[in-house]
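Common to both upcoming complexes is subunit A, partnered first by subunit B, then by subunit C.
Our next item is the complex of A and B:
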């Protein structure tokens, strides 16, 4: 029961840090002026066009695709797989489980492997591509190591040493209902949850902020209408 | 000065949000795992069964199907000698009923099984779509 309490406290703290931290960053991003009109051309000339451009950017990583096919391949594979995996994990947070979440379960399992394959590719890139290797810092390696470790420990629960999945879900729901339940103390579960807590804590102070940051790129989110509308922001507004 | 006041407001909002979230306090939903109708102990220890019953069943399947070794201890059929839930008509409910022993937890954890596309889900072998129980 001690472990349940410790992990519960850590999860509450991590969730608070994640939410408050990311919201704070988003507020900072939103307030930071983009003084210059700098959409990368050819750029859309209407707001709807920008929405479409950003949609492509978020869903298929368009500019990365144009820039580098290998990075796109592994990066996109990782992100899509991660989306499936996260969606699959919704089952721990809802009762009854949505039909679509139940339906996605088998796909989510394969996505776990695809996620690791993508991460492996991205990590290999940091060793094998000279220019990338030169700018790679320790934190880049550690971030990849953390994500790989989360993926491996998760797959280990599924394929190596099962846990009492019902008890695990009860514990997670217990967190949400403020009704603490015993956590099954299997080593991979504790490892997986511990690593996720670390990820949640460093999310608002790391490169992972590209998730909200993506939407604030002036080169992608601006309408190409410098002659029709005078653009003023920050020091250009004075 | 304005920035500082905004920061204070932000923390106040965060604090209120946390307070409100305590309002949803309620009993956590848990599966209503049916008692076994007989016996004190499953074929293996309970904690082991909860984690590994699927491995036992799949191992049993491989042994039976591929090697022709048909034992009773870990067979799916043997599960239902104890783990049955009776319906209103005092007959064991099939897997179509959400009160079925397997379904209680499998629905909860959103894990689908394909056992019962062929196998029977009640003791004694009620009629199902497969050719043999």
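Our next item is the complex of A and C:
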């Protein structure tokens, strides 16, 4: 039960740091002015066009596809697989489980492997492509190591050393309703949860800020209409 | 500083530019002449490197980040995916890894991280953060003057991170602590005191244009006018001052005059605002950007014109199209039936659409033409009313004026265009090595159309591109006069006297 309490406290703290940290950054991004019109052209001339441009960037990584097919392949595979994996994990946070979550359960399991394959490809590039090796710092390796370790420990719980998944879910639901339950003390469970806690904590202070940052970049989210609509903000509004 | 160097070799029969293996610090020796105290002071910067410049530089960085959503998100979000690493013409031409866009950004990001992020404050080694010191400043001065702010990297970045913004910020910081670049700052000083980059005074300008009128009348037998300071003209034309004297720029100016002449639209140049260029953008200085733009607005109001049209100049068109309305707008004193400002290419295109110009394509039959998309036009502005009009309209002018047109390889044109190598404040002799090496990808693409289609003219719509190619073409064994102004091609096709 001590273990359960420790992990519970860590999870609450990590959630707080993640939410506060990311919300804080989003507020900072939103409040920082964009004084000039700097969309990279050709750019859409309407707001709807910008939504479509951003949708393509966020869902199919359009620009990355244009830039480098290998990076796109591994990067996109990782992100899509991660989305499935996260969605699948919703089942541990709800009772009853939504039909859609139950439906993608099989895909979500294979997605774990796809996620690792994508990460492996991305990591390999950091060693094999001289230019990418040059720009890689220690934190870039550690980030990949963390994500790979999360993936491996997760798959280990499923395929290597089964845990009492019902008990685990009871613990998670207990966290959500502030009614603490015992945590199965299998090594891979503790490892998996511990690594996820680390990921949550470093999210708002690392390059993972690309997730909120992406939506705020004036080069992509501005409408190309400087002659038609007078834009002012920050020092250009003074 | 401009010691001997080898011009990169062009490859035979390849369609895509080879990505070289990097050679560390191969361009570390490249650095422009620093500005003299008087050049810096004229623009409101300290004359020399100030005391505590390290602290002041860091403070200025903080101010810039607080004032620019772009800079802030760019510095936070890069994941080092490497998508940009093979996209910069300077990297491809020099092999110096610090010319990879992400590495160039990291020169500044490392300082941002050290002073403004949790990770960099407490774990600097882990995230590549470093203290601001003289070696950093020297590195900035070298490599932020190896960036032409052409935005090609941002096209390929999954988030749209634009190295141009980062290099502008770095130059702003260096100016703020008194370490400016001679070329940009000296020219901006001339512009603000005399009215143009050349320092060409009013009287000399008027003489030049009178000579031009005589020359054109001798050539064509038609009295085409090149008016200055004509109050009540319909159009104020603002051109880069290189158009008044340099080759092939001046042939473009001749062409503008022929277009106005045949269209029968009254126009004028201004001796007060005799410069479209605004190098303030290159040094990231908002104050100067606005001041220089204001001159043009003032001239337009003073002359009482109905429209403002901008000549063939890439960064000037970016400033005019994207920034003028913000900085010195609204232009409510102009005729609302026309966009303000308008590009000369838009103007000529409309006239052609209306059948207002008689063009004889055969007049250009000796030319086999390709078109170089200038970076600031391609990736930082627009022409016409649809996205990508900046690619369509200039080509439409060429094909309306000439029979032989061939585009270069698709990965080197439109928004993928390679910079000429001389943009962004690098068009100075003390940076000749980086300029020539940076021109390599464009020269490579040109070689292909020369080999395949016997192309003998490369048309451009940017004063910097034209001046840069006059140097780069001979370095790569092409004839210097291949570089041609768009309105020279149009002007040569106009059948003067047929609409009078």
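Quick notes
Here is the rule we go by: the second predicted complex is superposed on the first by the 238 of 238 C-alpha atoms of A that agree within 3 Å, B and C clash if a C-alpha of one lies under 4 Å from a C-alpha of the other, contacts with A are read in each partner's own complex, and residues count from 1 in each chain.
As a convention for this text, a contact is a pair of C-beta atoms (placed from the backbone, for glycine too) under 8 Å apart; a residue touches a chain by one contact, two chains touch by 3 or more.
The shown structure was predicted, so the numbers you read here are calculated from the model rather than taken from an experiment.
Once the two complexes are laid over each other on the shared chain, residue contacts for A:91 go to subunit B alone; subunit C is not touched. Looking at the shared chain after the overlay, A:59 reaches neither subunit B nor subunit C. By the touch criterion defined above, A:102 lies against subunit B but remains apart from subunit C after alignment on the C-alpha atoms of chain A.
Touch criterion met: A:234 reaches subunit C, while subunit B stays clear of it.
In the superposition on chain A, contact of A:226 is made with subunit C only, not with subunit B. Of the two partners, subunit B and subunit C, it is C that touches more residues of subunit A.
Residue contacts after overlaying the shared chain place A:177 against subunit B, while subunit C stays out of touching range. Legend: residue contacts after superposition of the two complexes on their common chain; A:32 is shown touching subunit C, with no touch to subunit B.
In the superposed pair of complexes, A:163 makes contact with subunit B only, with no contact to subunit C. On subunit A, the patch touched by subunit B and the patch touched by subunit C do not overlap at any residue. Those residues of subunit C lying in contact with subunit A across their complex are 19, 21-22, 65-70, 72-74, 76-87, 97, 100, 102-103, 106, 117-119, 123, 125-128, 151, 154-162, 165, 286, 321-323, 325-327, 329-330, 339-341, 378-382, 385-388, 390-391, 415.
Contact residues of subunit A toward subunit B in the complex are 16, 20, 24, 27, 91, 95-97, 101-102, 105-106, 161-167, 169-170, 173-174, 176-179, 181, 186.
Of all residues in subunit B, those touching subunit A in their complex are 10, 14, 18, 22, 24-31, 47, 50-52, 54-55, 105, 107-112. The part of subunit A that touches subunit C in the complex is made up of residues 25, 28-29, 32-38, 40-45, 49, 57, 61, 63-64, 66-68, 71, 75, 122, 125, 129-132, 134-140, 142, 205-207, 209-210, 213-214, 216-220, 224, 226-227, 230-232, 234-236.
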